[in-house]
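Both of the next two complexes hold chain A, though its partner changes from chain B to chain C.
On to the complex of A and B.
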């Protein structure tokens, strides 16, 4: 890249990069930046005739908000850990040749393109107590009726929500790791093997550390998404406690407009968690 | 691990990936598919006929969703190609900050900014309109296009432009005959996936569209919530279609970088 960058600057050095960047940056600044600023202002009650920290005090002293925060953190941690683990396994599996590998890779990519709303409905119809798996269990004589099937959706432990995110994000993690493995090649591991390392040791001590930066970045994206998405917990979650984004939306759409600043404050809490993630996982050190 | 084990595990992976799609497809061709029937007792195309009939609101939602996604993808390309060129070809002070500013919208969840954007658009008179929905979809689609295009331009040889210039080509001719053919495959991938990201949006559409701009994901939840599973099944299959077509078109071009930005959304 260095060579082409130098020549490019010499060649078309007349225009300045900021000129090309300006339109895109302006749009992001107005929409994204404006959205954050107005959300923050709204959480302090500005724009409705007063400014104060009432909404923040109300939100931070409310047990329901903390329970929702805890639930969303649980969903995000569990989904990210499982997706990273299974995604790594899938990448290790799919990088070696076996019959049907090409087809497996293609099918593996399919659910990257599936909208979350569609996937969440599929998980509901698959795992609910009258869903497809439950019917298979009944057909096999394992259960007598829907009530005999464990509650896997709209349940206390958010199993359905986590199942959705794992299902959706394993290919995401897996394909990123596969791309990284391909660009690393076999050399680092072969070198370790030729020095006497076992296959597992070569994987754990050589390959895994090399993949770690990509895994951390991809994991951060999965964490942020599973923490902050609305359409999945609204369909697959129980009615109380609800995930934090669902709670924000409930306050936002409440007929009582006085709860709007609270909705904004909860939205800012979600943004704050995302900002911490960017700080921890994304900023180059 | 032996090849046989790889085959078995690969098969499990594929089955698990496809499993949630099975009930969606089955509901779209079933009538009264109740517990404990494993497969529908009556197979019928009636749900499709009803979904496509003039009295259904599904065709209109299909057109709305497509038009919004096309507009969002086109706008993202217009804004994102120059930005991607700047990031891919140049080194300059503040570049890391620019990349961070473009990464933030990818990480920060839609609802966190959507409620504030609603305030912005309320002042601009853009709420409850398709135009507002297109603009708000730029938040997830534009950074995606910029990052894909910056990857494309990082591998682009700008020296060819100088050669064309020295042979007498005008700047616009250089853009059209030298740059565009070189970046066209990347533009196609970026555009198709920007389309897909917009096509899949839910909460941003609902926040800014206020329920007046009805897209397929909104109808999907409305029908499923009303217990009309056959119509929800049709909507689910319709919503899957563009992704499958696009994947078939670009399967070999999906790289880690493109996946990195667009896959989670």
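On to the complex of A and C.
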């Protein structure tokens, strides 16, 4: 490198990290931060003549909002826990060498490219009371008609929504863990085995703690998404309570303009709760 | 996401469009307005859930605009009309120039129109300029009032619709033909009926039918909102609706969240009755193979709600001249006749055919209707006026609090 001409990018690259981060940070600050600030301003009724905490008081004192928050937390926690558990198990199985391993990995990852809305419609066709499994059961004489099939979509426990998120996020978690294990290599475990640890103990006491940071980060992404996404609960959710993002959207598209600040307050609440919970999970590590 | 993209795209398009001052346009003759509009474009924001309607607007109307006026029609599909109102509101609030808004025209009625009118978001006073406005009977109260809100030249009527039910003659030969009959039928046929939860538009309209029934007829609810009257009628309505709840689909623990979902459930034979605010839809669904050929729409002996839908121009529309030309075209006898053809859309005309050309009159006289669609005249014999937005809002909120929770 010495003696050769240095490009502008290299100069910036060698400079202060903040300087090299500046372009990316600008995009985040303007697009993401700007939206957040406008949303926050909107929740206080700014740009609508007055400014006040009316919308926040209305939202926080409303039973429906709390029920929706409870539902969204249940969806996010259940989806994240199941996806992490199954994703971890799958990654542990897939890292071994076996014939057809490449094909197995491909099949495992294939649904990463499928959009959430498409997956949700698939769940609907598969699991709803007039869906494929229900018709199959009726055809086999297991149930009398569509109504005899258990309600797995638009159901009280959000089974359809959670099933979708688990199906969609298991490969995501698995992929991150597989990449993580590849960079860790076999050495830590081999060392433990050579010192007399059983295979299970080596995994539990050596590999799992090493994987934990990656698992928690991947889980945080899954949590934030399943907590704040709108399209899956709107397609698979029941009419009441609705997930918090669906409630925000309902308020936002209400013909009554007075509900706009409430919509913004609910949206801000989603961001706030997700950020807080993820922060707690990260710090406890 | 796609919606956001189209909205943003439309914003970018509008940014480059030439601004047009509404007052200046109103001072022009019609020929001058047409000349101003020539070579421009018009961005129509409208509910995009029906392929037939989309094709009629994009291909038929868009085609004529392109051929005769050199105007490009951009149709921006919406899931909910309030989204377009939001865009206009955001622009006006942000203090953007008054004549460079992204939205040139909105397919609208009811509460959304009232919101725009109250917020001074809609452009008024141009209706006399449209030559084809003479085909419309603006004295007709059903046209002069949009869900009880006086139109006052702030929007132009486009179609009329009346609520209708539908059944499968092969499965349910004797459907209930009035609200009291329906309530008995639900009890006798547990699990075979449900309705979309308000705020779904069609579901809310169904609840208004029950509300009107509980009030003892539409006459009792005419006029401005009356809290005392509402409280009395609402108490009966919630009692009726909570009473039938155990006999609904899924024992009323949950409701479909959209009319599209109810349509699927009727198609899948999960429920036996369907209803819609646009009976032409039943014919379309049969044509598309979604409903069986034995599906049939019908009215109620105690009447079904009817309303008129309109096209409005936002106060900050960038392409007002092109919007005026488009509105005039939408009102022409030929365009209204085309729209009424069952294979095109099957929407009831808003003009008086007797005021149109002999050819158009002949066309309307020989109009064929899809065998599954109830004749407009038959439905019209028992039409209920829509309630004002104050009523509809109170009913919707009350349902969510007392029935759907």
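The rule we apply is simple: the second predicted complex is superposed on the first by the 252 of 285 C-alpha atoms of A that agree within 3 Å, B and C clash if a C-alpha of one lies under 4 Å from a C-alpha of the other, contacts with A are read in each partner's own complex, and residues count from 1 in each chain.
The working rule: contacts are C-beta pairs under 8 Å (C-beta built on N, C-alpha and C of every residue); 3 or more make two chains touch, one makes a residue touch a chain.
Remember, predicted model here, so these are calculated numbers, not experimental data.
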| item | value |
| --- | --- |
| Touched partner set for A:112, first chain B, second chain C, both or neither | first |
| Which of chain B and chain C A:126 touches, first, second, both or neither | first |
| Partner chain in contact with A:25 - chain B first, chain C second, else both or neither | first |
| Partner chain(s) touched by A:57 [first = chain B, second = chain C, both, neither] | neither |
| Residue contacts on chain A - larger count, chain B or chain C | B |
| Which superposed partner A:240 touches (first chain B, second chain C, both, neither) | second |
| Partner chain in contact with A:142 - chain B first, chain C second, else both or neither | neither |
| Partner chain(s) touched by A:276 [first = chain B, second = chain C, both, neither] | neither |
| Contacts of A:208 with chain B and chain C, given as first, second, both or neither | neither |
| Touched partner set for A:268, first chain B, second chain C, both or neither | first |
| Overlap of the chain B and chain C footprints on chain A, listed as residue numbers | 47, 130, 146, 234, 252 |
| Contacting residues of chain B [partner chain A, same complex] | 1, 3, 6-7, 9-11, 13-14, 16-24, 27, 34-38, 79-80, 82-83, 85-87, 89-92, 95-96, 98, 100-117, 119-120, 135-136, 138-139, 142-143, 146, 154-159, 161-162, 165, 196, 199-200, 202-203, 207, 217, 220-221, 224, 229, 232, 236, 239-240, 242-244, 246-247, 251, 254-257, 259-260, 263-265 |
| List of chain A residues in touch with chain C within their complex | 47-48, 64, 129-130, 146-147, 151, 154-156, 234, 237-240, 242, 250, 252-257, 260 |
| Residues on chain A engaged by chain B in the complex (per definition of touch) | 1, 4-5, 7-12, 17-18, 20-21, 23-25, 27-32, 34-42, 47, 90, 93-94, 96, 98-101, 103-104, 106-119, 121-126, 130-132, 134-136, 138-139, 145-146, 167, 169, 171-172, 175-176, 178-180, 183, 214, 217-218, 220-222, 224-225, 227-231, 234-235, 245, 248-249, 252, 263-264, 267-268, 270-271, 274-275, 277-278, 282-284 |
| Complex contact set, residues of chain C against chain A | 80, 82-83, 85-86, 89, 93-94, 110-112, 114-115, 119, 191, 197, 199, 249-250, 253-257, 264-265, 268-270, 389, 393, 400, 404-405 |
